[in-house]
Amino acid sequence: MARTEVVTATAWEPVIGLETHVELATATKLFCGCANQFGAEPNTNVCPVCLGLPGSLPVLNARVVEFALRIGAALRCRVPEQSIFARKNYFYPDMPKDYQISQYEEPVCIDGTLDVDGRAVGIERAHIEEDTGKTVHVGGGGRIHEAGYSLVDYNRAGVPLMEIVSRPDLRSAEEARAYVTELRALLEAIGVSDVKMEEGSLRIDANVSLRPAGDAAFGTRVEVKNMNSLRSLGRALEFEIERQAGLLDAGERIVQETRHWDEGAGVTHGLRSKEEAFDYRYFPEPDLVPLAPDAEMRAEAAAALPELPADRRARLSADWGIDEDMARILVGTPGLAEYAEAAVAAGAAPVAVARWCTGEVLAYLHEVRVAPGELALLPDGLAELVALVDDGTLSRKLAKDVLDECLRTGEHPSAVVKARGLAQVSDEGELAAVLDAIVADHADVVAAYRAGDDKVKKKKRGFLMGAAMKATRGQANPALLNRLLDQRLG
Amino acid sequence: MIPGPVDGDADADAVALAAAVRSGDRSARAVVDQHLARIDERDEELHAFLLVMADEARAAADAVDATVAAGRDPGPLAGVPVALKDVLCTRGVPTTCGSRILEGWRPPYTATVVARVLAAGGIPIGKTNMDEFAMGSSTENSSYGPTRNPHDPTRVPGGSSGGSAAAVGGGLAPLALGSDTGGSVRQPAALCGVVGVKPTYGLVSRYGLVAFASSLDQVGPFATTVADAAVLLEVIAGHDPCDSTSVPEPGPRLLEGLDDGVDGLRIGIVTELTDVEGVEPEVVAAVEQAGHALEKAGATVERVSVPSAAYGISAYYLIAPAEASSNLARYDGVRYGLRVDAGDTATMNARTRDTGFGPEVKRRIMLGTYALSAGYYDAYYGQAQRVRTLVIRDFARVYERCDALISPTSPSTAFELGARTADPLAMYLSDVCTVPSSLAGHPAMSVPFGAGAHGLPVGLQVLAPARGEAVMFRVAQVVEEAA
Amino acid sequence: MPADAGSRITRADVDHVASLARLALTDDEADALTHDLGVILEHAARVEALDTDGVPPTAHPLPLRNVLRADEVRPGVDRDEVLAQAPATEDGRFRVPPVLGETS
């Protein structure tokens, strides 16, 4: 959609807020003892409670409370004296009770912040609620009577969710992505969820509006749903921002609605859904009593916090002397920082470890799609490689090949070096003999070197070095070779 | 002679029956067969039962007899038939809640209270008729036809637990369980001439009790004597980990102090529950006589006022339907019960519900949905919950001076079938004496006391503060002895 | 019938509430309900007369807090027993007519 560059083109400022639903990694569901398990046979993790059978009653999972308080602590939220559960009433076949137990006026956490790239993004609230079942639409065929139908599985019904609502503090698709990346890393670091967007344990809905840059009032907001990856999130937000800008530039109103992101077509669609502007008739859940976290529960939550990503990045930067980008990659890639720290603990120099990890190791992880914890080459193996390069046994160039082989096979670098005879030649006598032979064979080159300008010298020198490397099958210690060559060239 | 259970005989005394079975004097099987025969004889007319669990009852009785034969104690309800209001889930046995929308539904689990009855040696003998989803005061709202009052078959047994009350009142079972939300155990108990108890909210588990109004519902016992009601309540009361709103401790011992009498107790007659519109003179007279009897037994009796109780019905008929509208949303034709097919799910839901629910249920769902809806929540539901706080405070003030309270259970004796069905509000006003204690979460019970017009039973209501079952039963025991 | 029994709720209100409550009322039902609900609401609205300024609502008559259970797996229900009660099933799932507005 082309934006007309007219005389008074308004600069539109995007205002974005994100609602994140996180599936908590508890053993059982929120209100019953059914297993909280992804991928089971349909309707095998169900009971009267999560099926909402007549006469069933919910009982709150203590571990969910623990996780909720931990999230609150990590997001620096205030946890009011008490919170209550509320019923959100609406009809949908994946909702066994046709109401969802959630929290409305008194949520468990409020008023927090998340540091994203040095900026504090506001967290309005975080509350506990139950997940719905899953509906799969089947059919319809070509014939008129085959209208299709839906099939419902309640395994997911009752799985505990935390809904985290940001303030509308984000101003671009990139900022939104950064927020989600940071939030994801945080939630994973504190051990409350496996936060896999592709499995639905992390879901994002966005609220997007535009306003003239500099204005304080908010424009009409549109809810965008169905973004199933970070990439989708970015694309969807960019599309939506541009769509709204186009409408506003043309003098049209933005309709307050819910729009679905269509990944294939690359557009958002408005839903002609009856659920718009819905009256959920919230009221306090009579089957559950208030949650009033006591001092012990609050202290436990704070104590259970591991090192948070921002703090870890800062520590690695400072202790290892690596830059922020490298630290971000290490901490932002699940399990990579642990792997690197283990290698350093095994005695390797941190900077080298960090470079290998954020370079070749990371590339390998992406290629074979495994987690660092699943690598065949253990951290002490990487440490060994670093040591071999450090002490001159292995040239950096060959080290790359060795690492590649070790990553794939799990063999120790020292074993590979030995087996392939890759040990760097650092024997002065040996190298001197090689050089003498080369110098003798290429007397003309040597003469040209001595007679030529800097440019010629560089070229000729390169030729001789190359010949020497070739003669030693790449294993000559470059520094030593340089020194010895200098001596012969005079 | 006060009309107690019709055709009553020694078998109506559950305590005695259980003792006989435990000692081996009588077999549980014989007891059950006898009651099944009586049900066979009388229930066609009474229609107290929707389902008779003959096979299950006989099997349970045989198990009790085997336990006795093995020298073990089957429990305090050994061999005693217990009728169950069809609002209680019984695994594999149809549970309809008096509604077509659950016709034929067999729950895959059993209510906690039923499991406790079984564990105590009791014999569930059948599922009893009720107003649909417990909404009503006459059992005329049952989608399976009404139940008749055992004292006069042209009259209602009361509701919503009319079937359970009639079963006990008609001598078909010595004990029964019902549910009380605004009076649904107490009022039918009064109309059928039996004892009916609504415990303190939370004392008895609601797990497996199909919900009507969650913050008000309680399962309660029916019996022919105060002592029998105490035994049954002891069996079912106490903490249930499956119910978040259940009391944290085990249930109270009630039999121990039952005969302690009322000497030195202060008892109040609640004006707002006694001087109500349309109250029959015999009913008022019964309350006064009960007051005299309690004085003779050593209590001081005085008139007291619980002012906001006068608003009880108004608040109740906002809170209960609101919660019900949400509790009944699950009946949508998707997972169980009736389904009326349609081209899309929403239409299927709507047609199923319109077909499966009776008019009173629809009325209350609509009322409740409206009371919760945007723009009306605060004025209706919100205000009603605040009035509820006022009711609790007014009762608290009175309980500073009184140990227990009395009032009529129902303003009238049993009315004729069809007499109040044309006017929903007239039916609602049947609950005026019972609703305030429901709102407060306090225990209250009805004890047969005297006769009214046409010789119909009158019930006296005894009320106590939260967790005050012990004193309530003591007062009830004295009233029963004086009756 | 009290003079303003109909004023508390209109037929349009009834239609709206019926759709919120997923009840496919017939015209006659809706008319009858408009009358009945008007009468009942008139009585229920008496609560407006009470001064409840500063009075908190009672959502739970029993003053309990923090009722929790341990995060331990417990047996559920037999899937076959549950599905046997369903109006329609397929491949272990509950089958319903298409849900309007749903994208596949």
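Going in written order, the chains are labelled A, B and C, and every chain counts its residues from 1.
Following the convention adopted for this analysis, a residue touches a chain if its C-beta (ideal position, glycine included) is under 8 Å from a C-beta of that chain, and two chains touch if they have at least 3 such contacts.
Quick caveat, the model's predicted, so the values are computed rather than measured.
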| item | value |
| --- | --- |
| Central chain (distance from its CA mean to the mean of all protein CA atoms) | C |
| Between the pairs A-B and A-C, the one where more C-beta pairs touch | A-C |
| Rounded Å distance, chain B centre to chain C centre (Cα mean) | 23 |
| Cα-centroid distance, chain A relative to chain B, in whole angstrom | 57 |
| Inter-chain centre distance, chain A versus chain C - centres from mean C-alpha coordinates, in Å | 41 |
| In chain A, residues with contacts to at least two other chains | 48, 51, 59-60, 91, 93, 147, 150, 152, 274, 279, 281, 286, 288-289 |
| Per-residue overlap in chain B, given as positions that touch at least 2 other chains | 105, 108-109, 215, 241, 244-245, 325, 329, 332, 334-336, 343, 345-346, 349, 369, 373 |
| Residue numbers of chain C (touch at least two other chains) | 20, 22, 57, 59-60, 62, 64, 67, 69, 77, 82, 94, 96-100 |
| In the complex with chain C, residue positions of chain B that touch it | 105-106, 108-109, 200-202, 215, 241, 244-245, 247-248, 308, 311, 313-315, 317-318, 325, 329, 332-339, 341-351, 353-354, 357, 359, 362-363, 365-367, 369-371, 373, 379-380, 382-390, 392, 424-425, 428, 439-441, 466 |
| Residue numbers on chain C that touch chain B, as the complex places them | 9, 13-14, 17-18, 20-26, 29, 32-33, 36-37, 39-41, 43-50, 52, 55-62, 64, 67, 69, 77-78, 81-82, 85-88, 94, 96-100 |
| Interface residues, chain A side, partner chain C - complex | 26-28, 32-35, 41-48, 50-51, 59-65, 82, 84, 91-93, 135-137, 140, 147-154, 260, 271-275, 279, 281, 284, 286, 288-294 |
| Parts of chain A lying in touch with chain B, wherever the complex brings them together | 48, 51-60, 87, 89, 91, 93, 96-99, 147, 150, 152, 274, 279, 281, 283, 286-289 |
| Partner chain A, residues of chain B touching it in the complex | 88-89, 95, 97, 102, 105, 107-109, 111, 206-211, 213-215, 241-245, 322-323, 325-326, 329-330, 332, 334-336, 343, 345-346, 349, 369, 372-374, 377, 381 |
